[in-house]
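In what follows, subunit A forms one complex with subunit B and a second complex with subunit C.
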Partner chain A sequence: MSAIATTLTKNRASLGKAILSSPIIGPLAALLLACIFFAVMTPNFMTGPNFSLIMQQVMVVGVLAIGQTLVILTAGIDLSNGAVMALSGVLMASLAAQHHLNPVLAILLGIGIAVIFGAVNGGLLTGINLPPFIVTLGTYSIAYALTRIYTTATIDKLPKELTALGSTFNIGGTEITFGTLLMLLLYVITWFALKYTKAGRSVFAVGDNPEAARLAGIKTNRVLIGVYTVAAFTYGIAALLLVSRTGVGDPNAGATANMDSITAVVVGGTSMFGGRGSIVGTFIGALIVGVFRNGLQLMGVPAIYQVLITGVLVIAAVSIDQLTHRNKR
Partner chain B sequence: MKLKYLAAAATLLPLFAACASGASTSSSSAAAGSSASAAPGGQVVVGLITKTETNPFFVKMKEGAQAEATKLGAKLLTGAGAKDGDNEGQVTAMENMINAGAKGILITPSDTKAIVPSIEKARAKGVVVIALDTATDPASAVDALFATNNFKAGLLIGQWSAKAMAGKTPVIATLDLQPGVTVGAQRHNGFLQGMGIVSGQSETSTDLASASQVVCAQDTHGDQTEGQTAMENCLSKNPNINLVYTINEPAAFGAYTALKNAGKEKDVTIVSVDGGCQGVQGVVDGKIAATSQQYPLLMAQKGVAAIVEYAKSGTKPSGYTDTGVTLITDKAQAGVDGKDSKYGLDNCWGTK
Partner chain C sequence: MTDSKVILEMKGIGKTFPGVKALEGVNLTIREGEVLALLGENGAGKSTLIKILSGAYTRDEGEIFFEGSQVDVKRPADAEALGISTIYQEFNLAPNLTIAENIFLGHLPMKGAVVDWPLVRSRSRELLDSLDVDLGVDTITGTLSVAQQQMVEIAKALNRKTRVLIMDEPSAVLSEKDLDNLFAVVRKLRDSGIGIVYISHRMKEIFALADEVTVLKDGKFVASRRITDVTMDDLVKLMIGRDLEDVYPKREANPGELLLEVKNLSQSHLAKDVSFQLHAGEIVGFAGITGSGRTEAMRVLFGADKATGGTMTLKGKPYKPRSPRDAINQGVALVTEDRKRQGLLLKLQVYFNTTVSGLDRLTKGGVLQLKTERQLVNDWIKNLRIKTPGPDFMVVNMSGGNQQKVILARWLSLGIKVFIMDEPTRGIDVGSKAEIYQIMADLAAQGVGIIMISSELPEVLGMSDRIMVMREGKIAKELTREEASEETIMHYAVGGDAA
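Moving on to the complex of A and B:
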């Protein structure tokens, strides 16, 4: 903390400049403008309970997007995350509610199946040198099918351990779910790991220039397998959050979650070409999508316009990224 | 690089401060908002959540709800899932509407079982929840249900088919909805019972009945393209199919295209459920032999009226209200009540 303070005073002159050139300044400005717009347009928006609600609504996609950010930072893509989440969620719900396994063990096994998928993704794309798009397209279909082979019926009557993250505590009259806290914690951990650990920095290096990274002594294959596996771990956590939020194991869940998570990453300013971006940006990206959906709903705007606006946001975010990047060359 | 993160942190701090202060200053008004029943200005807020935005059935439902809301001076909020089966999208819409002060919510559940815990949460907050068109599983999860009797809708086309196919041995394909949804099973089972080839079916089961006459059963999700694929596969399995039951008219049109491509459209009878304008036009054109028409506008109208009534008098709606179903066909069969396609077109939903 004191180190940060010292850095702050040393660089005060260039702080303004740094803010302007920060990759998250665009998304942040968009979020603030959106907040102001909806606060003016609808009286129910700028309230503690509503912000808590937005957090709950973005937490599943927000946690999926943590994994997706890591993957995209390596210039990869993960299309399998929503399907893997559905499989993981259905498995933990079914093991606990229908097979009466110890709920904690059921959760761990559910997360375990997600991690296995991540390791398979990483193994295939490094071992046989397949493009991430193709590998994860394949595992997407496999996870989707396995979920439905396992069950087509929604699983309910879950033990309380599985829905515990959906329960709330009260701060100043606002109910906040434990799941929201878990999401924030995961963001902080990822932020720290990306910035202060060797593994985190090698993620950027591999995404920026894999050849240079290899020459610099980074074991790029190991990094990639690690990234897809850690990413899949976050999908397992997302599955638990989803189960706790809806109170059921739903085989139809997560149908558009892969695209939603990519949207959050891209709107948050992370480059699809790898090596450039930030986890904080992804959090803001997820919030922007959530704020628009919530705000437009409160205003009574039909849901299809929310999709339209999300599309515009994606194009705008990528355009800004592309233009600023070109200027630097 | 380091500086960038610092800048990020520096810019984020005031945001959280702003949000936090916003939260603390207005939490009292929000609490008031959720306990008071009405939006600012005393207007009753009613939420309508459909399965999708685009299906004409739900568009008609929205029209009916909007007309009734305007008439009664209520404010209508609408929402939908991203696609049929998107439970979380519906949960999100419901939460947002409750936050917007909705006194009651009308919902056509995409997943009849998965939505139940969220409905329970809403009702615990004093919000009246009415299911439209599709019953929840269990049906008691909502205050009331305004819907077509889908078992009867199936029964009618089944009875009609039994008469129309008299003298022939039925070789049946069923193009169904998707597993685990009440509506799909009710129509399917009603149809088979109407045909007289099964009996004593439960009207609330989510399991599809089977019979030896049904040589092919495929899911279509009520989609035209999937309906075509399903019919093509069924024809590969058994080219002698002469009667096709379809969950709805888009699936029926898909089946018709497949049959036409195979040169069999004259030899096969297609029956369906819905009574949308395009579907009834299909009856006029001879593509669909008979369809059971339902009335989404009426469901929404009654739903909005019930919630406004609850807001004014405190009387909660309850139980099941049948919004009616009519067999539409131009080949009337003795002993089966029905109307012709002209009546169908006069009372249909969607774009003519």
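Moving on to the complex of A and C:
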């Protein structure tokens, strides 16, 4: 009896310890506090439809942040993802609506252009040993320019396949979009890959120390090219979600998306120095940003103040992370 | 005893970190014009003690007396005001600044509103001259060798009117050649009246330099002795509680089949025409000074760098590794010289570091078997007696000896046939060293071929069945166990007669 009781308390203690020492505990606490704050401040916050709305608002940046997390875990940074998403979205919309290509093929080609950008990013930074900041700064401008060279007009009248993910189904009176489900699915897949596959481990190893990783038998260059390419694939998916949510292909879309994706990753507790972080943290980070924007909107705070508060949020999150890690020594 | 004047005395020093009593009842006496050697295994509390002395940590218990009066050292500035300077293993230099700028960093003298550069330069010149350093004061510090940077650190300390100079393993980063120079400088500083605290794992240095030794073990004060009153065996016994003879395992050379044959291997100008054989069950020591091409040759063997010439065969088949992965798959492993930069994934966990090279074996249908992995890691922790709270502990927080064991576990779990170990016990305490030597002996007994690069001659002599001495990228001489002595090895390493 007492032995069982001891084991139970021990397990509970270690479970509690595991939760407390988990890197996502900070972001999670912040998310809960934010939810409580807005629930008190506005009556409309704590409702099913509003949560569904938050998820829709978070969806695009949330998916971009998946790729950004992988890149940042390797101690890199991807400045190109918003621009690549805009190019990808405009291309798939244009091919389907203006060139009457098979919509599914148009989607695949749109995602394809994003993937090519990812492969180019990875190839340049491994092949010529350029820093990720420089490479993606370059490809950001290229993608941005190509989008506007291609079209400056918004493309509408899209076939229904391109907007399908924006449609909803009903659970207990709350409308949920398919795009939200796709985002959740991508998070689960990424979580699994990082935890349960060799490729996932390699991402952390390369981020911690590329030379030590290489001497431990990891094909560092292959991992980096893979990461930037897979990340770009998620930008292609984000493009599809953006198109389906707005119903148009907009060359001016995603202007702040890149910074927002980095914000989500950082607020989620992933280290900019690589090797430390989690995809669950990024999801929570994206939600925190979404909850703040939504809550402030409901409180009637002008949009530009929302951006200002997001900035404060980033610095606060990283400061807290720094201070707690310093104390851990 | 001695009649040298006491500069600084620490009495009953204690320090507790959350959950760990790092120091308890430690005494330390530093005398004018004497070298005090601080001895102890990794984790014995040496670093904590010197951090308290230099103001990086504050003590929880005990008293500090400076020239007889009680003082409080709460922050680095307090230590600096008392004239206590510390030279850590990791230098505190700005690599892009000149030597003179580094010497005066944070203390630039002003003449009106501008820096008095002539004074900075002339004073720096004096300091460098006093240390017999033949370098221009305007040389960029980052371009200097490690030994030269160390001298800049010393000059920096002297510029601040140092009474007590603490040197944390100053020899660990130096080659044998630079050691004599360091010793000369330490003696000179001692003769000028500075009290020196010298930390080192190397017994020879302690007997060459120290006037007094203080031994710590598990955070507690063990003993202080005049160096003339103790033998090396006494000190080892005080440190680890056993005899020195037990450090090197007794083993009979019993070479089996030919494992590896290297013919005329070259790696640009760094390694030239290197040829040797390695048999199963053999430990071949590679001796030589730093930069003699040993590491460069071995990196080619491991596929880390490309050969520029020569051929290799492994178990009779041509061997030309394209990458470290390729070498590992063929049963060749490298324990790197620089554990922290090239060996470990420092900010990741014990389990991660242990299995990172063998994840294929733990993958079933594309999915990592985390339970199997955990079991494997726990087994290795037990087998190699790795001191860690568990598989999830970060390796950065472990002692050097335990970190090295994690690296060994990484390779041992793969069934490696050829083990290249570059300075396998660098920066590791005597107790862990003995354990690593035993692991090497066990591996050899199981038929693994071991190539050991080492700059510590007692280790080369104590462990090797055969010794290859390298000089300027070439093998200068092959010595049998019987022929080898510290003198013969050094003779060929620095280039007496032609090979």
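FYI, the second predicted complex is superposed on the first by the 315 of 329 C-alpha atoms of A that agree within 3 Å, B and C clash if a C-alpha of one lies under 4 Å from a C-alpha of the other, contacts with A are read in each partner's own complex, and residues count from 1 in each chain.
Here is the rule we use: a residue touches a chain if its C-beta (ideal position, glycine included) is under 8 Å from a C-beta of that chain, and two chains touch if they have at least 3 such contacts.
A quick note: this is a predicted structure, and the numbers were derived from the prediction, not measured.
Q: For the three-chain model obtained by superposing on subunit A, do subunit B and subunit C clash or fit?
A: fit
Q: Who does A:253 touch here: subunit B (first), subunit C (second), both, or neither?
A: Touch partner of A:253: subunit B, not subunit C.
Q: Touching A:50, do we find subunit B (first), subunit C (second), both, or neither?
A: first
Q: State whether subunit B or subunit C is in contact with more residues of subunit A in the superposed arrangement.
A: Partner with more touched residues of subunit A: B.
Q: One more residue to check, A:307. First (subunit B), second (subunit C), both or neither?
A: A:307: touches subunit B, not subunit C.
Q: Mind working out whether A:196 is in touch with subunit B, subunit C, both or neither, as first, second, both or neither?
A: Second partner only.
Q: Please work out whether A:297 is in contact with subunit B alone, subunit C alone, both, or neither, and reply first, second, both or neither.
A: Touch partner of A:297: subunit B, not subunit C.
Q: Between subunit B (first) and subunit C (second), which, if any, makes contact with A:131: first, second, both or neither?
A: neither
Q: Using C-alpha centres only, what angle sits at subunit A with arms pointing to subunit B and subunit C? Round to the nearest 10 degrees.
A: 130
Q: Which partner does A:23 reach: the first (subunit B), the second (subunit C), both, or neither?
A: In the superposed model, A:23 contacts subunit B only, not subunit C.
Q: Between subunit B and subunit C, whom does A:153 touch in the aligned arrangement: first, second, both, or neither?
A: Touch status of A:153: first partner only.
Q: Enter the shortest inter-chain Cα distance between subunit B and subunit C once the structures share a common frame, rounded to whole Å.
A: Least C-alpha distance: 6 Å.
Q: Residues on subunit A in contact with subunit B in one complex and with subunit C in the other?
A: In subunit A, residues 195 are touched by subunit B and also by subunit C.
Q: Enumerate the contact residues on subunit B facing subunit A in the complex.
A: 2-8, 10-12, 15, 18-19, 22-24, 26-31, 33-34, 40, 53-54, 75-80, 82-83, 85-89, 91-93, 95-97, 99-101, 110-111, 113-114, 116-118, 178-180, 206
Q: Using the touch rule from the top, collect the residues of subunit A that touch subunit C in their complex.
A: Its residues touching subunit C are 195-198, 201, 204-205, 208-209, 211-219, 275-276.
Q: Using the touch definition up top, name the residues of subunit C that touch subunit A in the complex.
A: 302, 304, 323-325, 328-329, 334, 336, 341-348, 352, 356-357, 359-360, 363, 366-368, 370, 410
Q: Could you please specify the touching residues of subunit A with respect to subunit B in the complex?
A: Within the complex, subunit A contacts subunit B at residues 4, 7-8, 11, 14-15, 18-19, 21-25, 28, 31-32, 35, 39, 42-44, 46-51, 53, 56-57, 60, 152-154, 156, 172-174, 191, 195, 242, 245-248, 250, 252-253, 255-256, 278, 280, 293-294, 297-298, 300, 302-304, 307.
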